[in-house]
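Labels A, B, C and D are assigned to the chains in the order they are written; within every chain, residues are numbered from 1.
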Amino acid sequence: MNYIDNRVENLKFAYIGGGSRNWAWGLMSDLAVAKDICGTIYLYDIDFEAAKHNEQIGNGIEESDWKYVAVKTIDEALDGADFVIISILPGTFDDMESDVHLPEQYGIYQSVGDTTGPGGVVRALRTLPMFETIAKEIEKHCPDSWVINYTNPMTVCTDVLYRTFPKIKAFGCCHEVFGTQTLLAKMLDEKLGIKGVKREEIRSDVIGVNHFTWLTSAQYNNMDLFPIYREFAEEHRENGYDYMLDIEHINNAWRHLEKVKFDLFLRYGYIAAAGDRHLAEFCPGSWYLDNPDQVWDWGFGLTPVSWRKDDLKSRLERAERLISGEEKFKISPTGEEGVNQIRALLGLKDLVTNVNIPNVGQVPNLPLGAVVETNATFRANSLKPVFADGVPKEIYPLISRISGGQQLLVDAIVERDIDKAFLVFANDPLTRLPLNKARELFDRMIANTSKYLGMYNIKK
Amino acid sequence: MNYIDNRVENLKFAYIGGGSRNWAWGLMSDLAVAKDICGTIYLYDIDFEAAKHNEQIGNGIEESDWKYVAVKTIDEALDGADFVIISILPGTFDDMESDVHLPEQYGIYQSVGDTTGPGGVVRALRTLPMFETIAKEIEKHCPDSWVINYTNPMTVCTDVLYRTFPKIKAFGCCHEVFGTQTLLAKMLDEKLGIKGVKREEIRSDVIGVNHFTWLTSAQYNNMDLFPIYREFAEEHRENGYDYMLDIEHINNAWRHLEKVKFDLFLRYGYIAAAGDRHLAEFCPGSWYLDNPDQVWDWGFGLTPVSWRKDDLKSRLERAERLISGEEKFKISPTGEEGVNQIRALLGLKDLVTNVNIPNVGQVPNLPLGAVVETNATFRANSLKPVFADGVPKEIYPLISRISGGQQLLVDAIVERDIDKAFLVFANDPLTRLPLNKARELFDRMIANTSKYLGMYNIKK
Amino acid sequence: MNYIDNRVENLKFAYIGGGSRNWAWGLMSDLAVAKDICGTIYLYDIDFEAAKHNEQIGNGIEESDWKYVAVKTIDEALDGADFVIISILPGTFDDMESDVHLPEQYGIYQSVGDTTGPGGVVRALRTLPMFETIAKEIEKHCPDSWVINYTNPMTVCTDVLYRTFPKIKAFGCCHEVFGTQTLLAKMLDEKLGIKGVKREEIRSDVIGVNHFTWLTSAQYNNMDLFPIYREFAEEHRENGYDYMLDIEHINNAWRHLEKVKFDLFLRYGYIAAAGDRHLAEFCPGSWYLDNPDQVWDWGFGLTPVSWRKDDLKSRLERAERLISGEEKFKISPTGEEGVNQIRALLGLKDLVTNVNIPNVGQVPNLPLGAVVETNATFRANSLKPVFADGVPKEIYPLISRISGGQQLLVDAIVERDIDKAFLVFANDPLTRLPLNKARELFDRMIANTSKYLGMYNIKK
Amino acid sequence: MNYIDNRVENLKFAYIGGGSRNWAWGLMSDLAVAKDICGTIYLYDIDFEAAKHNEQIGNGIEESDWKYVAVKTIDEALDGADFVIISILPGTFDDMESDVHLPEQYGIYQSVGDTTGPGGVVRALRTLPMFETIAKEIEKHCPDSWVINYTNPMTVCTDVLYRTFPKIKAFGCCHEVFGTQTLLAKMLDEKLGIKGVKREEIRSDVIGVNHFTWLTSAQYNNMDLFPIYREFAEEHRENGYDYMLDIEHINNAWRHLEKVKFDLFLRYGYIAAAGDRHLAEFCPGSWYLDNPDQVWDWGFGLTPVSWRKDDLKSRLERAERLISGEEKFKISPTGEEGVNQIRALLGLKDLVTNVNIPNVGQVPNLPLGAVVETNATFRANSLKPVFADGVPKEIYPLISRISGGQQLLVDAIVERDIDKAFLVFANDPLTRLPLNKARELFDRMIANTSKYLGMYNIKK
């Protein structure tokens, strides 16, 4: 790369999972408007066709200074990369069908099923060995690159990168906290008539694990937002807050009226900062996910995998239109911070934001080494966690159990110890089954995705 | 006190709950055979008659060099005491009836109901304010005394002593680990034909919280007992180990065949070191306490409060016989370590054993200040925890959740914040209820014991 | 205060030591150009005349939107203040004469004498009781204000603010690291021909205690500056780097050719980030301050108090000219970050910079509670340390001794224990005296400034 | 080994440095009276003759059940050893002559010169590579053995064993604390007329590094010894305490009147627990070791190496007499705890005593991994540190500097980085030289012992 007049040119990015029809397009859009950086994105995907399509789409964006190149090997993508982006889908939606819906036969409902709960555990078993491979390739080809992970289950994927290659400069990136900041900005309008506040103007301290992150403070200018949020939560606890209903894709599958978020705040005193569909999955299963009626009452949706399949179909159709030129690629900033983080790491601007990295002591009362979500400073070639104090006592029992379980799960996978993985499965807040039933479900779920699990010694 | 020829005379003990018909008699027995210490025990009890009866019983023991004096005020008991023993029953068995059995209406079964679970939480609400009072009196009357607590819920009772009077020299004492050491001694006989091993000869490292303590190592001479225990557990996992069946009081109410203990070991790799009735209550409720049939299959009993009432009746009858002289007090060492700990604190002998004290850093990955159970050294006027490393990763998710909940519970009680106590109640591994149902049960249980809860601001 | 269109108006500042002829003028200058904040500065000084003069000078600055008001009581200054600035001179230059020069009779040379060494200890004895008073007044009048301390000895002054009022929102501010960043910018010009780099563009990680702060990394864009600095240091180790010679006030008294800085880097591998006059005072006295000849060889100056007296005289003359209008106040940015920090705390912009605050865990291997210098994030009403890892092993022995001594000194002063203060004095790296000689010097220095030390129980 | 009726037979010991004429004989004596253990001691020494002599001496002890066998290779000694004892003399007394006396030419006096100070650093450079070799051999031949180190410099020797073979079960053993306990027992006689107290009956909490260990409490029965020691120290601070003068070997070379110990207590409030000759070396050189007159005034001796040479001569003569039978080996217990520690590790008896092992968290405010001296429990195959709290603030600056320096020294040696070793040398409390002079001395000392330093890359 070169620095010319506050602009960085000739950057090399490797995009692992470069055939993505979702994150990839968002990144293309965000890069197109970042005028102070440019370079080439090498798209690598086990589905080379998909990468090739994205090459065409990316290179067709008029506003963009970036070049996209689909490559057939991960080596080509990684060699000399300055940044590596990982957003892969481990397995197919058929595998995910088992992850999400088979537990329903045992009375276990999952609103997302890719992060935690039975589905998250099995997805991790499938995904983490791939991440081990990726980490080894990064060590070989571009050990000094910055590695940005968007793949779920975020926490354990990021963790295993560090376990495999301890000097990796990786972090996990997620937009859920930003959604909560947006909610707070809307609240400022509703409660105080303050309009046009950008989500970045809501400064917050965050602590937790990805998708179960909590704000321990939120501030706008010199205003402490917690007392206002208390009133706001009390007003909306009954019927929820429906600002998202007007957004196109919000149907039942993605429904969330923030009632879980309000309930958690009114009981715990801290703002849970992810969508309700995620938050519910980290709590004891009887609270919000006991059965579909209860879920409906709490105002959020159980996203069925069929919805994802339909959604994928429509994205594939769009891909065709984009390639054929029938549809023009429309630049629309995603609200993600990936590109800003990249700019900060290049030294163009300091940035303080939340991120997922191993706990080196920034959260003194969670296990060292566990990947946690806290604020961090992004500066020239430097990513440092902001000291976050301990997890507040009110939410410590909820979070320590999850974080400890995640570490144990990574142990299990690294050691290829399927029985150890079952310890996490059985003790998951959603599982709530007698041990024999839990094991039966676990074994069936594993059998359903067994073609990805050859590295484990699974007794038949 | 005076030291004369390796003997300590004129000791003054205060016994809070001195009307006890259980622990008190055990202590009398143990003191009677401890020939290198003697003095006076001041028995204080809100039931003065009961204390008076124990005065008569204690003074009637021929073998004993100790004098027993029932006193009407706690001041008389504490003034100038060298040691304070606390073993009280907070509330009556009718209160306990609600603690243990009302949750059954909601599908929650408790095998003990005095330590954790819904019953443990409510018992703590009742008991801890009494312990605050006791701590304040100790600060006033005998701040340098050593304070030994036998009362359940052990962990939080001991915790609140330190919260109230931070310089208190208190510790919680429990025999559950000794029972496990005894089991290991029996194993040595069964597996290797080694007979007559005393439980003190089994050296173990322990970590956890009371009644959910785990051995991370166990050694006899130069022999690592873990591999042997693995075989032993595998042999008995199906049908359990029935050595306790020959002990008189083992009927269904106290039944425990060690099947829970074996199951936990075979899955987690560490030896859970309390009776199965206790262990089960700290695990997710679906594992061992889902319903009475499952409990029966796991080989342990649900102790009904009716059993305790009957038992008390027979002990009251025995008290009468002891006072009238109809029955002679029989000295039989309890196997408790209380008297040995006292002797060590007096400087007569060093002792290393397990004990419940606040975490000052001996367990680096549990919250500082939380009361934990680890080994400690007892020496002349000194009690120091042995550094216990962190809780092993396998069991960290189970224990951190419990320990964090206990700290939160003490916060709630110290702050008289009933809603905060509900956070612990709702997140208890046994509770497994939707939030509205959990709250309904909580409120009913509180109402049933409300006469002890005047200090809380309970909304009606 | 009010927020109007990204501007904050009606701010209230309290300036303790508001008669200052140095820092105060710098602040006036920096505030004059900060167009997005304005309000009133209340100047309080035990020398009311001096404050009054500054009121006149401040209000006479044409470019400034700020109003200056001299007040007679600290209450008037603090009541409702949003920010409090503390820059006081404890005692007179005659007192400082004893601090700096009396030790010379014992072979102890000090290049500054206000931070550490014998002079720093005695200055602390004089100053910290004043800071206790200030902290108490802040607790009473404006407990939520942000408090910025510029007074030396910085570390212990800031520490005692927290000891006295633990919830104070105070931090210590110092420009020494910025000077080192400036040196690195000059290096980029000299070594690589890169011109015009601003010191803020040099991103660095810092660790240590004020005036003995070390850079553990320095980065410009994607460039690691350490290898370049190694060459640079080797080239200049012999004759020093003389870029500062062209700055007006650099005469022998302030001379520093960076030779100490280069020597420390070449031996320790980290960049000591303060002026050589400061750095030398924290090292064993024999290294750089053994005698005046050695000091001269190392290329820095021993600043005599006579120089300070002359300098003060000329500043007093300038004050007169500014008041009379004979001289016009010239706006010239100081390069300090105080105003930027204030703007960040008001939420106008995020800032990451180095600062002095208590160690809550950001430096895991220095004592908790000790004031340390590390990076921190300044955001809306929030100051959080960036996690700084441990002090590198190479410099840990140097820094832990100093930091521990500073904590002990604050203990001594808070407890009014003059013998405890002597422990620090005797063990200071510069002292190097037999104990009886050290005590003799200590007692003489204390006698010289005894009128400020009435609160200590000093044996005559 | 076998356990027969509370006796352990067929133990195998490896004695590295088995030709020793000092520690070896002490061990022989202690083993001879330990009737519950027996076995064979394999004596390995680079001086095979010396080992052979000890074989003869050991086997000639009538009272002893132990067999001694001199072996020519370390493999023979270590293969299958249950215990390994290391007590070697690295280099000769001629090397030590340079360590101790060359610094005197630079005004640096050392009373011992084998632990710290210039002599300790150079001795470490010579010794630690040997310990790396020993650790590797232990890993190969007897990884599960317990390893007892008696060699100085104790702390860094023990440290490097762990650096080389992290799972080693090693500890460093030293009698200095016992000497202080003996002094306290004498004090009980002098001050209170209590006679016959054994040093084991003085229970103490200890913290620090070997030879600079401090008692933070001392207790006899229920008696806190600190107030009594304060009186005692005040009474003897002027003229010292001369109880050791009657012991045969106390001449000027070993003289210590405890005046340093009393001075440190009266200033710091904790009991420094080693001989004055050791304590003085860890303090700033100007305090007690400024010059021979000052040393004399403080009542202790500078042990010249000539004395050691003479002493060795007489011990060699004694060896001859023992071998020839002219002199009968006299059993006299050494007061060392080695044999008791061995018995405890075999499970024969629990023991709590002070020991040197890596800091795993038992001293929270010293670096993790640094070897520290604290209490520990010795039990069946288990050695666990007792949690020791932090180093008290008063002595933290003294100890943290030393401990950090020791860690840095081990780094330097492991990395074979002679310049890094100089960092420790130059910053040693005794050194007090300008950097050029310090380096000159360092280089000369290294040159004098260069034949042992071939593994370092020393510039000529």
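Keep this in mind: a contact is a pair of C-beta atoms (placed from the backbone, for glycine too) under 8 Å apart; a residue touches a chain by one contact, two chains touch by 3 or more.
As the structure is a prediction and not an experimental result, all values here were calculated from the model.
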Response to the item:
Hop count on the shortest chain-contact route linking subunit B and subunit C comes to 2
Worksheet item: For subunit B and subunit D, what's the span in angstrom between their mean Cα positions?
Response: 43
Worksheet item: With chain centres defined as C-alpha means, what is the inter-centre distance between subunit A and subunit D in Å?
Response: 55
Item to complete: Hunt down the residues of subunit B that sit against at least two other chains at once, touch-wise.
Response: none
Worksheet item: Using the touch rule from the top of the page, what pairs of chains touch, sorted by label?
Response: A-B, A-C, B-D, C-D
Worksheet entry | In the complex, subunit A residues that touch subunit C | 1, 3, 8, 201, 203, 205, 217, 219-222, 224, 346-347, 350-352, 360-362, 364, 375, 377, 379-382, 384-389
Practice prompt. Show which residues of subunit D lie in contact with subunit C when the two form their complex.
Written response: 263, 267-268, 284-287, 290, 294, 365, 367, 390, 393-394, 396-398, 400-402, 404-405, 407-408, 411, 419-420, 422-424, 426-427, 431-435, 438
